[in-house]
Each structure stands twice: as C-alpha cells, then as structure tokens.
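Shared between the two complexes below is chain A, which has chain B as its partner in the first and chain C in the second.
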Partner chain A sequence: MAGYVARRLLDAALGVLGVTTIAFLAIRLSGDPVALLVTEYATPEDIARVRRTLGLDQPLWVQYARFLADALRGNFGESLRFIKPAAPLVYSALPATVQLAAAALLVALAVALPLGMVAGVRRGSAIDGAAIVLATLGQSMPYFWLGILLIMVFAVRLQWLPAFGSESWRHLILPALTLAMTPMARIARIVRSGMVEVLTQDYIRTAHAKGLRASAVVVRHALPNLAIPLVTLLALDFGTLLGGAVVTETIFAWPGVGRLVVQAIQSRDYPVVQAVVFYLATAVVLINLTLDVIYARLDPRVRYG
Partner chain B sequence: MASAVLWPVAIRRAARRRRGHVVAAAAAGFLAVTAAAALLAPWIVPHPPTRQQIARRLTPPAWAGGGWEHLLGTDQLGRDIASRILYGTRVSLGVALVAVTLAGATGTALGVVAGYYGGGIERLLTRLADVQLAFPLTLLVITLIALLGPGLGNVIAAMALGGWATYFRMARAQVLSLREAEYVLAARCLGIPDARIAFRHVLPNALSPLVVLASFSVAQVIILESALSFLGLGVQPPIPTWGAMLADSRDYLAIAWWLAAFPGLALMLTVLAINLLGDWLRDLLDPRLVV
Partner chain C sequence: MSTVQRVAVLVAIVLLWTTVRGTSAPPAAAQGPNRLVVGIGSIPNTPDPHLDSTANALPAYATLFEKLVATDGKGGFRGVLARSWRPVDPTTWEFVLHSGVRFHNGMSLTADDVKFTIERILDPATRSPWLGRISAIERVEVTGPLTFRIVTRGPFAPLLQGLTVVDILPAAYFQERGPAGFAAAPVGTGPFVFGEWHRQDRMVVRANPGYWRGRPRLDEVVFRAIPEDSTRVAGLETGELDVGVLVPPEQVDRLKARGLQLGTVNLGQGMVVNLRSNVPGPLQQRKVRQALNYAVDKEAILQSILRGYGRILDGQVVGPDAFGHNANLKPYPYDLPRARRLLAEAGLGGGFEVTFHGTIGRYTKDKEIEELVIGQLAEIGVRARLEIVEGGVYIQRHIARTLGPLWIWAWQYFPAMDADLPLNFFTCAGVGNFFCSRDFDELFAQSRREMDASRRRALLQRVALLVREEAPVIFLVQTPGIYAAQSRVKGFAWRPDYLMDLHRVEVGPR
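Here is the complex of A and B:
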C-alpha cells in the first residue's frame, strides 16, 4: 500500500510537472510575452528593459529552472491584468469553487441515490422508467443550456432567485443545480444498474429467506456494495465537475477559479493561467489519489502491486 | 473476423430488446437528417447565416407572432436563427467527427503497437497516457486552448491531443488480452509479418469497445466544443456555432427566449441521439451486460 501510494505520488508529481512544463513552453512558443506587456509606443530600449526585468533574455533552460523554482514557492509572477501576484488571486477564488462543487455534488447525491435505488429495486416500474428517461436526458442536456434556462425561468420570469453574484446562499442555488445535473444523471444510472445487479446475488436471496424486511435487505445488504462503483464514478467525475465549474461560474458570475481562468485566457493574462493550471492540476491529482486510497479501503479485493 | 462467431449471440440477445432497436433507428434517422442538413446547409438555408437585418432584429418565431420569413425568429442583429442553427450543425458535427477520428486513430494505432510489441515504447506511452488521464478532458482542453489560442483548427487539435489516451489504454488492454490467442500463434507460424498480424488479425477483434467509446466521445466532444464556443474560446465569429449563439442569448433572456431555446434544443437533440445510438451499440456489442 505504502509503495503504491509512493508510486502514485511520483506519477502525480510527474503529471503536474508535465502540465506546467507545457504551460511554460507553449506561452514562449506562441509568441513573445513582452509584446503583451508593452504598449505600441514602446521603444526597442523599453522592450529590452522589460525583457531583462522578466529574465526573458536568459537561455530557455535558465528561464525554465527559474520558472520551476518560483512555481514550487507558489510564485507565478504578477497578473498582467490586476497588477497583483497571480497565486493569491487563485487562492482567494478557490473557496467559491469548492463551495459550488460541493453543493452540486451534494444535490446530485441527494437526488440520484434514492432515485437510483428505488429504480433498481422496482425494476421495470413507472418510477424506473421515469428514472431512466431523466438520466438519459440529463446526460445529454448541455449543462450550460440548463443554466441559461434556469436563469430565464427563475431569475428573469419568476424573479424568485438571483442569477448573478455570490452575496448569499440563495445565489448558490441556480449554479449548484446547473452543475449538479450531469453527475446526477450519471450517479442515478450507476446506482440503478448496481442495484439491479446486486439484487440477483445469492446472499440477497439468503437475506430474504431468513426473514429480513425488504428495506433492511436493500439498505444493509445491497447498498454497501454500491460504494465501490460509486467511488469510482466520483473519482472520474470530479474532474468533469471542475471543468463544468469553469463554464457554470462564467454563466452565473460566480467568483471562483473557473471564471478567473476564463477571464485570464481572454485577456491573455498568462501568469494567472499558469497559476490556475498548476493548482487545478495539483488538486485533481491529489483528489484522485485520495479516492484511490479510499477505494482500496472499501474493497479488500483490490491489491496494489 | 473471429468475433463473427459471437455475433449471433449478441444479436439474439439484442433482438429481445426490440424497443431498443426502434429508439436507435429513430436516433439514427434524426442524425442522418442532421448530417444531411449540415452538408447541404449552403443550399437549403432560407437566409445567409451572417446577414444582418437590423430592422428585423429579435423577430419572434413564426408561431409566436413573427412571420414565416423567419421560422425560428431572428437574433439581436436580425440574423435568421434557423439558418444559423443549420450552419452551426456543420461546426458541431465536423469538429466532433474530425477530433474523435484523429484521437481514436492515433490512440488506437499507438495502443496496438504498444500492446503487441511491448518494451520501452510501451512503458513510455503507458506512463504518458496514465499521467494525461489523471487530468479531466475539459480542463485539459481549456488549458490547451489557453496556450494555443482559440479557433477552429486549435479546437480540433486540443481535443485530439486531449483524447488519444483513452483509446490508447483501451486498445492496448484489448491487444494484450488477444496477443496470446491461438489464431495469433497460428498466423505467426505461417510467417505472417508482425505488423500485419497486429493490424489485420488482432485489431479487428479489439475494435468493438473502441467503437462504443468513440460513439460516446462524439457526444462528449460536441458538448465540449459548444462549451468552448460559449466561453468565446472555441470557433470564432463570424462562423455560427451553437455555443456562441447560446452565449449571445444571455443578454436577451427577458425579451427573446427563442435565442436561447433553439440552439440549446438542437444541441441537446443531437447529443441525445448520439448517446442513444451509443447505448444501443454497447448493448449490441457487449453481450455480458445486464440491463
């Protein structure tokens, strides 16, 4: 187990290194960063000065070594747009994204777990049919369209909920619903099919035969078996959730990392882009690792060599 | 093709799900019409998709008070929404097909080579794919776009670069499990060159899960492309895209619902049809699955 975690950590570090290296190279390959920093009236001397200040006159490998050393200390340079260090901008946007993602995940689980369970237990019933239709539609509906429709109905027409900003918990409702839809559909699907499969097992028949109530059979004997596919799915979906957060935050003007990175890309604010890429990559990798460890705990059959 | 032996079983199982076939046929029909509309767009659109008629801006759909001149109404610049949706189909389907083909062909070819030959190349590629797969596609693609810049070619490149690893891993796993099969041994004994065995004998038997994967990723890529265009990071104006139409619609939600409704509906129906076909294909090709 320890060896496995160590190897995964090494992989994770390699991954983050790879992504940041790509970020480093591509910015230098895609044009002169100095051109973005100076006005059109800059003299060649001005440009040379800026280049020196930023260390861009050094050989590429020196720049790369400096970049890595700075990145490890959490220093990504100054945001070109806000004229502030880039890393703190990312830190301060992080809680909003975590809040949104957590709320979305909770909503998704709260709806999908019971729905999937009932659908699986009552296979072929009307509830099952409705659950399948909902899950299929939910998987095919673009979440940003759902977001727009929610704004149109609940914010513009009915004026029940605010559409933009993050001043109160009411601001969280529409973005969280938007972001929850896709994982909700996927979780409902996996819970349903997991339930259908588990209920055919011999030990379920035994549990029924020894006179357990049907609800006890489902909750105590069937449900724990769904933990493994569920954790697998959550591990896979976590990244999708973050990707969705980028779009959702932009729709609802939610002040998180996603909106920050989209604005940074649009204004070619590369230090911020690099900082976000670094932190998101690190977060994704660490969370994947954590879920893998949980996975090993949940399923004693899983052996890591 | 040795998997031909398995087909009757698969088909008999699937035949019991006639409803599945009907749904799949409907989905396929819808997609065929959509693809035809995309190909024929320049000849069948009622209006040029970028022609602005300010005097007719925000005309409602025909049944909601607008005229039959603009079936689905016009946008904030007086452009015909139906025409723009038809043109948007070209981008959505085109980008998805090209990107998935590139990612699938590259990933599969590398996976077959890695799985069949093994060795240092296999270790290197597997490592690379594992590292890349740790990052979610959406984030990876947005990062690549941030670096490459927006635009049609870059969107396709970013999605192909972001997508190859899944195919690689699956193709490699399939080939690894088939490599020691007796027909491969037989082919080797007959002196057939390795490359020919790998691609003519092993690959066809490894193909079905890859086809299912590709069908679902077409749907995923369509949504992703729209999301990028929605954020202004995808295909750039004046090329009409569903994502950009949805982005524009946000400023007019209070007065012109049709701006948001129809591009979203087009997007959803297309993705739904592809997902339904994917479900059907998976059930057909994977007889182990119990639904």
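Here is the complex of A and C:
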C-alpha cells in the first residue's frame, strides 16, 4: 500500500510538472504581456525596458529554468497586473471558488442521488422521464446561458435573489445552481443506469426473497454498489467544476480563481496564470489520488499491484 | 454509501467554513439615501493610481485623487490643483498651485508633492503604465511652496495632455508608508476618501468632509466590478445598482420601460478601420483608401447597429470634445459610384482580396460593425476575409505591425482629449506605424513645437484636413458610452473623458 501511494505520488508530481510546463509554453507562445502593460502610446524603448525588467528578454529555456526553480519554492513571481506576488493572489481568491464548487457539488448530490435512484427503481415512470430530461438538458445547457436565464427569472422577474456579488449566502444560490447543473445531470444519469443494472443481480433477488422491504433493498444492497462509479465521476467532475467556475464567476461577478485566471489570460499575466494552473492541477491530481485510495476501502476487489 | 455520506459531510464542512470566512457588511443594494452603487466592467487593479491605466479604473481613481489639470469637454484644459500655468520658454513651463488644498490626512498640498509624483511615474522601477505619457519631462524644479517648473527634454507643446493622467500623491505620507502601505490606505486630495477595496469585486469610497471645493452630497460611492453586460443590466433592473455604464444599445428600450433614466455620451474614442499603406499593395494608393471610405455606409452602422447612439466621424479620428478638432471637415459620404470610379482610376476596377482583422467584445458591437463593413466593401469588389484575433494578442500584433492590411481599431484619446495623442501614431516613426507621409510628419512636428495653444490648435486642424484627404483609415464612428441610472439618482452624467463628476450627484429616497 505504501509503495503504491509513493508511486502514485510520483505520477502525480509528473502530472503537475507536465501541466505547468504546457501552461508555461502556451501562455508565452500565444502572446506577450508587455504590449498590454504599457499604454498603446509607449515607445519601442519603453517596451524594451519593461521586457528587460521582467526578464522576458531572456531565452525561453532560461525563463523556464528560473520559473521551475522558483516554483519549487512556492514562488511564482509577481503579477504583472496587480504588481503583487502571484501565489498569495491565488490563495486569497481560492476560498470563494471552493465555496462555490462545494455548494454546487452539494446541490448536485442532493438532487441527483434521490432522483437517479427513484428513476432507476421506477423505470419508465414519470419521474424516470423527468430524470432523463434533466440529464439531457443539464449536460447540454451552456453555463453562461443558464446563468443569465436564472438571473432573469430569480433576480429580475421574481426579485427573490440578488443578481451578482458574493456578500451573503443568498448571493451563493444562483451561481451554485448554475454550476451544479452539469454534475447534477451526470450523477443522476449514472445513478439511474447503475441502479437499473444492479437491480437485475441475483443478490437483489435474494434480498427480496429474504422478505426485506423494497426501500431497504435499494438503500442497503443496491446503493453501495453505485459508490465506485459515483466516486470516479466525482473525481472527474472536480476538474469540470473548476472549468465551469471560470464562466460562472464571470457572469455572477464572483471574485474567485476563475475570474482571476480569465483576466490573467486576457492580459497575459504569466505569473498568475502559472500559479493558478499549478495549484488547480495539484488539487485535481491530489483529489484523484485520494479517491483511488478510497476505492480500496469501497471495493476489496481493487488491488494495489 | 457511507463514503458518499462522508464526502457530502466534508463538502458541507468546507461550505460552512468558507461561508463564515471574513466578509464585511453587504454593500450590494443601495440602502442609505446617499449611497451610490455604480456597476462598471472592472475596478482598479490596485488602489495605487499610478499602476493601472485601464479605462474603467479612471472614474474610481478620480474620486480619491486629483490632477494638475483636466479637460473642459470642449477641447480645452482647465486647472484642477493648478491655479495657473504658462510656458516660460520652449522647454519650461511654470505652474502655480491652489493654496489651501489639503490631502485626506490633513497635510497641505505643496509643489514638493508634485515633484515627488512626477518623479515616481518617471522612475522605471515604479512600472507605471503612464510613464509613456510624460516621458518628455526631464525634471521638475520647485521654486516655492506652491510654485514649480516642469522642464522638458525638447519643445513639447502637448505637455498638458500628459498631465491629465497624473494623480498627485502626498510625498511625505507616501515615503513614510511605502508603496504597499500607501496602497492599503491611499490618500489624495479628492472629494472622497478611501473606504475599502476588494480585488475584482468592489471599491468603496466615502465623502471627504474637508474637501477643498466643498463636501460632496453623496455619503458613499461603491464601484462594483461586473464584467458581464447582461448581469450589469440585470443589476439595474433589480435595483441593486444605482448607475450602470456601458449598457449595450439593444438593452436601452428595456431599461427605459422600467423607468430608468438613460443617458449617452460620445466617448473620446474614434473607431476606424486602419489601412496599412506603408507596405506594397493596393492600399498604397490614396484613391483606393478614399474609395474604401466612400464605400462604407456610416449611417447604417450608427442606426442599425448602434441604434442611433454614437456619432459619425467627420473625416478625423477625434470629436469636437478634443483639442485640435477641425469643425470644417465633413464625413466621407456614402457614394458607391464614386467609390467604384476611384478604384477604376487606380487600375483596380475588378477589386482585390485583402485580410481584415477583427475582434469580438473589445469594442462596443465590434463584430457586427466588422461584418457590416466587410459586406459593404464587397459591393465595390473588395473581398475582405475576416479573421478574429483574441483580445490579449491584438495590441501586441498592432504594435508588431502584423495586423491587416485592414483591421478594426479605436483610437482612444480620453482622458487627455487632445488630437495630438492619436495623431502621434500616424507619423512615419510612430509605434506600430502603418502610414507614412512626409507632409504629415512635418506639420505634426511643427504642432508639437508650437507653445502657443491657439496656434497649436490651428496646426492640428491643418493636420486633420491632411489626414482626411490622405485617408490612412476608414473613418467610422465615435463610440457611444450609454449609461443608465435609477430615477432617484440626480445629477449623474458620464463624460467623454470617461470620468464621472460625482461631486454633485445625489440619491433620493428609494
């Protein structure tokens, strides 16, 4: 077990290195921040001076070596836009995004688990139809469209909730709903199909034959078997959630990492983009690693070879 | 199931933890009668006014800080902290400050503060984006408590336009606190004092009771960063915002129907299609450039895309709000036969193919305007291929001269409101230059040496005439700044220089 975890940690480190290297190259190859740092009225001398100050006049491999050496010490350089160290900028924006993603995940689970279960047990019923519609819609609705729709209905028309901002729990509801829709649809779908499959198994028939109540059969015997695909899905969806947060945060003026990185990319703020990619990649990799370890607890058949 | 439960509990704990993370009192809705909540695309990147030159930062900074001079909206300059100024010789200007001006910390404004401020921006280590605007300044000489001289490297007549972006900071306070300390508790001479600043979220300023021109009527102003247009409009509809700027033209009727006051201003920003004429190709011929101008129906852009908001450019890149605007010039009329004739005279009767670089979301309705212009150019046989370039790369490629031969561009001349600013880029040696005329260069250089304001204005007007004839660009429109305010807001107006005069604004009871 310890050997397995060590090996997976090494894999994880390589994964993070790979992702940050791609980000390092992609952001540099796609644009130069200097033109955006000076006003459009700058002279070529101004531009050359700024480039020198930022070390951007060095060859790419020198910049990369410096970046790696600094990154290992948790130093991602200074944001070109905010003129502040990049890493603390990311830390300070992180709680808002974690809050949003956690709320979205909670909403998704709260709706999708019962819905998927009932739909699976009562196949062909109205609830099953509703679950299928939700799953299709939820996965095909773009975040920006859904977000604006929710604002129109719940903020503008009904005046129940604020349209933007992050000051209270009421501000959290609409963005969390927006972000929840995709994972909600995916979870409902996988719970439903898992349930349908499990219910045909012999041990379910045995459970029924023992005279257990139908609800007990579903909750005690069928549901635990859905845990593995569900945990897999949650791990994969964590990355999707962070991606969705980028759009959702922009629509709802939510001051999280998503908005930070959108603006950083637009202004080619290399240090901030690199820091965000590093931390998010690390988070995704660690969560996947943790869930892999959880597998073993869930399913004794999983072996660490 | 137990693991799923555990994950859910973990998520719930995280949620609770982040919910109780330190949040201050909600400033979202306008609660008190005298608080104004302004919705704008972004707020300053930092409370330090020397470090952010983005347009949306300007109105927020202007509540806390003041400049030596400002534009008067009619193509002239007025003193703000400077009571008077005059050129002493071609490289020296003498300024006198108002007496009795106090910073928010109680210190009096002196010439030493001006010297410190200008030197700070000129110091490359500050990394001020405004450096380029005042880099002609060699030094500042303090000649008395309220008097100083600005010495330029050579004759530099447009000095005042550079000074319209220089926010004066308190030297002693800044030196005592350092840059980080200053950004945490910034101090200026403006009508409002610093309250709060939350990155990418909001900035709050409060009335300065000791303001040297009288206390503002508002008690508090909150600038909310709302990047998405639809969300800003929704915020106006729900009443969460008192004022919202850059309302899309198609949302105007909707807001009017809800009883909001709608206003529009022609911002100091001339939208054109730049034509690269300093490389071999059809655009080297003046007749071809003129033909393109005759082929575009500016009225159609104004009416069908901008819904009547904005103003057709009259053959120059600035409007009547700018120093150097020539009121005698007329827009190129929409005249297809003439356009075809000019093309034929240039030996290009069959038209030609050309690349057109465009943007989406960089300027108001840019994509729609690009498509309309391309459709109209096709009428005279000019087949333009639209290639959209991502915003972060656009300026860079403009400077590197890899856009075009045709590309959409807005020549921004706010907040300085001086034709000198955009025209500087039409010189043969201009940054990202795309046009070269010896006559232009000579006349323009002359205007920069002319220290007498009225003679400089006359020279810039001659430059404008020459530019209209040479047609280095397709002149389109001065872009509109549409804004909306709740009916309870009194006295709000947005200005062509992108600033808001909030000193006299009032908010009535809800």
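We take it that the second predicted complex is superposed on the first by the 262 of 305 C-alpha atoms of A that agree within 3 Å, B and C clash if a C-alpha of one lies under 4 Å from a C-alpha of the other, contacts with A are read in each partner's own complex, and residues count from 1 in each chain.
Methods note: a residue touches a chain if its C-beta (ideal position, glycine included) is under 8 Å from a C-beta of that chain, and two chains touch if they have at least 3 such contacts.
Keep in mind the model is a prediction, meaning the values are calculated, not measured.
Residue contacts after overlaying the shared chain place A:Pro44 against chain C, while chain B stays out of touching range. By the document's definition of touching, of the two partners only chain B reaches A:Trp145; chain C does not. In the superposed model, A:Val98 lies in contact with chain C only, and not with chain B.
Of the two partner chains placed around the shared chain by superposition, chain B is the only one that A:Val246 touches, whereas chain C remains out of contact. When the two structures are aligned on the shared chain, A:Gly55 is found in touch with neither chain B nor chain C. Residue contacts after overlaying the shared chain place A:Ala12 against chain B, while chain C stays out of touching range. More chain A residues lie in contact with C than with the other chain of the pair chain B and chain C. By the document's definition of touching, neither partner reaches A:Gly129: not chain B, not chain C. Contacts of A:Ile265 after superposition: both chain B and chain C are touched. Applying the stated contact rule after C-alpha superposition, one finds that A:Ile22 touches chain B and leaves chain C untouched.
In the superposition on chain A, the residues of chain A contacted by chain B and by chain C overlap at 30, 144, 148, 151-152, 156, 250-251, 265-266. On chain A, the positions that touch chain C within their shared complex are 30-32, 34-44, 46-47, 49-50, 53, 81-84, 89, 92-93, 95-96, 98-99, 102-103, 105-106, 109, 113, 144, 148, 151-152, 155-156, 159, 162-169, 171-172, 219, 223-224, 227, 230-231, 234, 250-253, 255, 259-260, 263, 265-268, 294, 297-298. Residues of chain A that touch chain B in their complex: 11-12, 14-15, 18-19, 22-23, 26-27, 30, 136-137, 139-142, 144-145, 148-149, 151-152, 156, 193, 196-197, 200, 238-240, 242-244, 246-247, 250-251, 261-262, 264-266, 273, 277, 280-281, 284-285, 288. Chain B contributes residues 127, 130-132, 134-139, 142-143, 145-149, 219, 223, 226-227, 230-233, 243, 246, 249-250, 253-254, 257, 260, 264, 267-268, 271-272, 275-276, 279, 290-291 to its touches with chain A in the complex. Against chain A, in their complex, chain C makes its touches with residues 1, 3-4, 7-8, 11-12, 14-15, 18-19, 21, 23-24, 26-29, 42, 45-46, 51, 53, 124-125, 127, 129-133, 135, 198-201, 224-228, 230-231, 234-235, 237-238, 240, 390-393, 395-396, 398-400, 412, 421, 424-425, 431.
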